[in-house]
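The structure under discussion is supplied below as structure tokens; questions concerning it will follow.
Letters A, B, C and D mark the chains as written, and numbering starts fresh at 1 in each.
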Amino acid sequence: MKQLINVPERVVADALRGMAAAHPELTIDVDRRVVVRGDAPIMDKVALISGGGSGHEPLHAGFVGRGMLDAACPGEVFTSPVPDQMARAAAAVDSGLGVLFIVKNYTGDVLNFRMAAEMAEDEGVAVASVLVEDDVAVTDSTYTAGRRGTGGTLFVEKLAGAAAEEGAPLERVESLARRVADACRSFGVALTACTTPAKGTPTFDLPPGELELGIGIHGEPGRERRPMMTSGEIADVSVDALLDGLPRGGPVLVLVNGMGGTPLLELYGFNAEVQRALAERQVPVARTLVGNYVTSLDMAGCSVTLCPGDEELLRLWDAPVSTPALRWGR
Amino acid sequence: MAEPMDATVFWRWIDLTAADVAREAARLTELDSAIGDADHGSNLSRGFAAALDAVRREHPDTPGAVLTLAGQTLVSSVGGASGPLYGTLLRRTGKTLGEAPEVGLGELAAALGAGVEAVARLGGAAAGDKTMLDALLPAVEALPQGPDTAARAAAEGARATVPMRARKGRASYLGERSVGHEDPGAASSALLLAALARAVRDE
Amino acid sequence: MKQLINVPERVVADALRGMAAAHPELTIDVDRRVVVRGDAPIMDKVALISGGGSGHEPLHAGFVGRGMLDAACPGEVFTSPVPDQMARAAAAVDSGLGVLFIVKNYTGDVLNFRMAAEMAEDEGVAVASVLVEDDVAVTDSTYTAGRRGTGGTLFVEKLAGAAAEEGAPLERVESLARRVADACRSFGVALTACTTPAKGTPTFDLPPGELELGIGIHGEPGRERRPMMTSGEIADVSVDALLDGLPRGGPVLVLVNGMGGTPLLELYGFNAEVQRALAERQVPVARTLVGNYVTSLDMAGCSVTLCPGDEELLRLWDAPVSTPALRWGR
Amino acid sequence: MAEPMDATVFWRWIDLTAADVAREAARLTELDSAIGDADHGSNLSRGFAAALDAVRREHPDTPGAVLTLAGQTLVSSVGGASGPLYGTLLRRTGKTLGEAPEVGLGELAAALGAGVEAVARLGGAAAGDKTMLDALLPAVEALPQGPDTAARAAAEGARATVPMRARKGRASYLGERSVGHEDPGAASSALLLAALARAVRDE
């Protein structure tokens, strides 16, 4: 696979330089890999920090801004950031009311954020952490590192970000983030593997006429390989996997997410099938977001995330947000 | 070889490991691409190159100081699962060695045992989970019989991960499909122990 | 190539259904393929209509909303829409002050919009048209259908849309749009071909280790094939092609655009190189937009568009816009 | 064959063309993918299927009315360059035939000439520009000698586009690289004329 890069080793630094040029409203420390709201620290506001391996753009750096994250810490491609990054970010954005770490549940992320929390606490910053583990494809959690964190991260960052913006204290922001993280569910499907700059060839071999169900966002193969399906069939399989065990009744927020290589034309068409599948199963939809938000480099495919939405969550969802990748309200 | 080892041995250990993981980076990444996310080779090359730099820059003059600095540098430069785990391994081993200017094989074995224990605690994994521990645990056990024996034990331990089903780290997401592949972290641990054996032998 | 679709014949209709579900603020006539601002017609405002073949999403339907287009008319994939669509759109959005057709310079678009203009004028709607022909890769215009319209379309739609929103009359909006269209310049590079649903295989054969310079947005091969380059080299070639003959001096607005299959990580990295290349050539940059805006299905690659920006154009650029794909201000 | 032709001949012409472009859609799209945007086959299948539908629904009862309706339907259902161009071709030909219930070969040749002229005017292309005109112009010239002769002329005209360098439509963007490929619009025009010959012969 050909890539629009200079050398693999410099991909993340190059991207941060390019992001800095496009977003003067962000403060980007390219060498230290910390992306911070230009107006941080925001007085009287709990600060939100997330981060993780690169290759999932716009997650997380594209969600830094008013109403969402105060800082993001990008690691190497598919590699969790190092503790120093989050510790530095915490120092930069803490207004005294503490910071919330939003951590996707991967061994590397968990360990590095845990070490960062210790470092930040040593510096007197109050740190709370919430783990996002929304991927229902990983079922057998006694025998795994637990569910992966994927599309649900966007809901946690947006909703907790809005709560922080409203002035909620750290415990409130944390408990809301945890509530959202616990309620979100995601399921992903790959039509192709992705190619990391370091490896330069697809991370797994997916022949024409087959797809992978239950993939994560790190180019790892999924749980099951199946003959190619139509978008309607993929929507049915995904929605069934998501609804299995989901408490029913209220409306949901829906994220129909592209993995990076699937055109928006196809994503919108897939959304039509997801909406049909939800309607057929009597699940009311309150809000829908369609686009490439939590990606896996150039992988073709999609994921669906459902977030049950009560009145408070809908209010927080609709609250203004102003980041490179998500922007509405005023 | 029963002779006590000073800082230069450990310095050489870092140096040889850096060279070996750089040389084997593509293989490690290939292993990681089968059951993980295809970054283990670049992670460790980056980390040990940084560790070597740090050691060259700061000239730590005891075995414990070399390993502590190397471990700290891994934590600050690798990321991923392997950064904190390998970083903790070397740091805890170094801390346990204390400030002695020379250490014997028995002391090293005990200290490495403490390091491996810290890795197990941090990652919550046990023998048979298909992780680096499956190479490290037998190596620690064998180390009193000499670094070469330990290196062989690590290599065997790594090979033994092939039929295992992963229960920790990314490979666990694959369930049954993780069977039939060597664990990349176990493979790199075998490299680490082989480098130790050479570092001691070259003395 | 695998695609996330049902059947090729229904791709556009499915996408419009999915877009309607995600964007209740738009009125989407799926059968007749017209996407209209939900609050249209806007009294005392000139209306803007664009359209073209599908497969370039978010262009154009993703740019319908306050401060940009009043309506968009998507054709089949890579096929200009039919005159009936634009005529219907004109009837839906005209407030009495007339409509501006924004037309990318392709034979099909030109002919179908021309016929639509006749139909709309027959119904008493005042119609002006502006042609976007910004692709500098097509040089020899005596022997071609003229320059293609590509990334510059975004600038024309945004800037003319802002002028219309400010209350400018049709002639003003038209002359501004023409000024922007004449000033914009684009250059595109493909790392892979794209796959149309109807054909199901890549539109041309691009071996590993080679790229195409001077491509358009319809999966057609470019002007020249070259050995693979680094992103820095691609930036140099693109910027040189763009600056050749561009009146120098003032600042430019820059669009670093992805063709659909190139990850945002790479696009941001490419932007760093474009900014470097511009700085080395003493071209001041006033604004930069990075993302997938004028795409070519799943093609990997990028294009760069420069739009010279005087004070008026910068003001119009910064003016609020609220569409699915472009949104800022309030 | 010198017999006058009524509406059913033209109806059959649309019918046969619809069948032929549907059958040859993949080839037309393949030609278009070499020097265009890979949609010519689906464009014309969609358009002539719609035209046939319209004719079946509205039962136009003169040759002129059949072609006018078919042309209008092409304009409203194809899009692209070929929609307005083929639409104009049939519509102008139909309008020129007027309301006569039957037309002779000479009248058809003259009307088709007017249609082709309208295409040239609308698209601004001329002979040698590597467009549908390179098949249509020789066909019109040959039509007075009979539809079979015209069909052969169109097919030859289409083949003759291979060495040409395109100066109109998408293929022109390729410059020299457009040389060596048959123009898809010329290829479909050859199908259109072949269908006419069969429509007349079947009578």
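Everything below uses one rule, namely that a contact is a pair of C-beta atoms (placed from the backbone, for glycine too) under 8 Å apart; a residue touches a chain by one contact, two chains touch by 3 or more.
Keep in mind the model is a prediction, meaning the values are calculated, not measured.
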* **subunit C omitted: connectivity of the other chains** => A, B | D
* Structure fact -> subunit B and subunit D share contacts with none
* Farthest from subunit C by Cα centre, which chain is it? Let me know. => B
* Centre-of-Cα separation between subunit C and subunit A, whole angstrom -> 29
* To do: Between subunit B and subunit C, tell me the centre distance in angstrom, where each centre is the average of that chain's C-alpha atoms.
  => 53
* **subunit C-subunit D separation of Cα centroids, rounded to whole Å** => 31
* Got the subunit C residues that touch at least 2 other chains? -> 77
* To do: Please set out, as single numbers or ranges, the residues of subunit B touching at least two other chains.
  => none
* Asked: Line, ring, star, complete or other: which one describes how these chains touch?
  -> line
* To do: Determine which chains touch and list them pairwise.
  => A-B, A-C, C-D
* Asked: In the complex formed with subunit C, which residues of subunit A make contact?
  -> 1-7, 10-12, 14-19, 21-22, 54-55, 57-58, 62, 77, 191-192, 208-209, 211, 228, 230-232, 234, 256, 260-275, 285, 288-290, 292, 295, 297-298, 300-302, 322, 327-328, 330
* List of subunit A residues in touch with subunit B within their complex -> 8-9, 53, 75-84, 106-108, 111-112, 115, 137-138, 140, 143-145, 148, 196, 198-199, 203-204, 216, 218-221, 223
* Any idea which subunit B residues touch subunit A in the complex? -> 29-30, 33-39, 41-43, 46, 75-85, 122-123, 165, 167-170, 172-175, 177
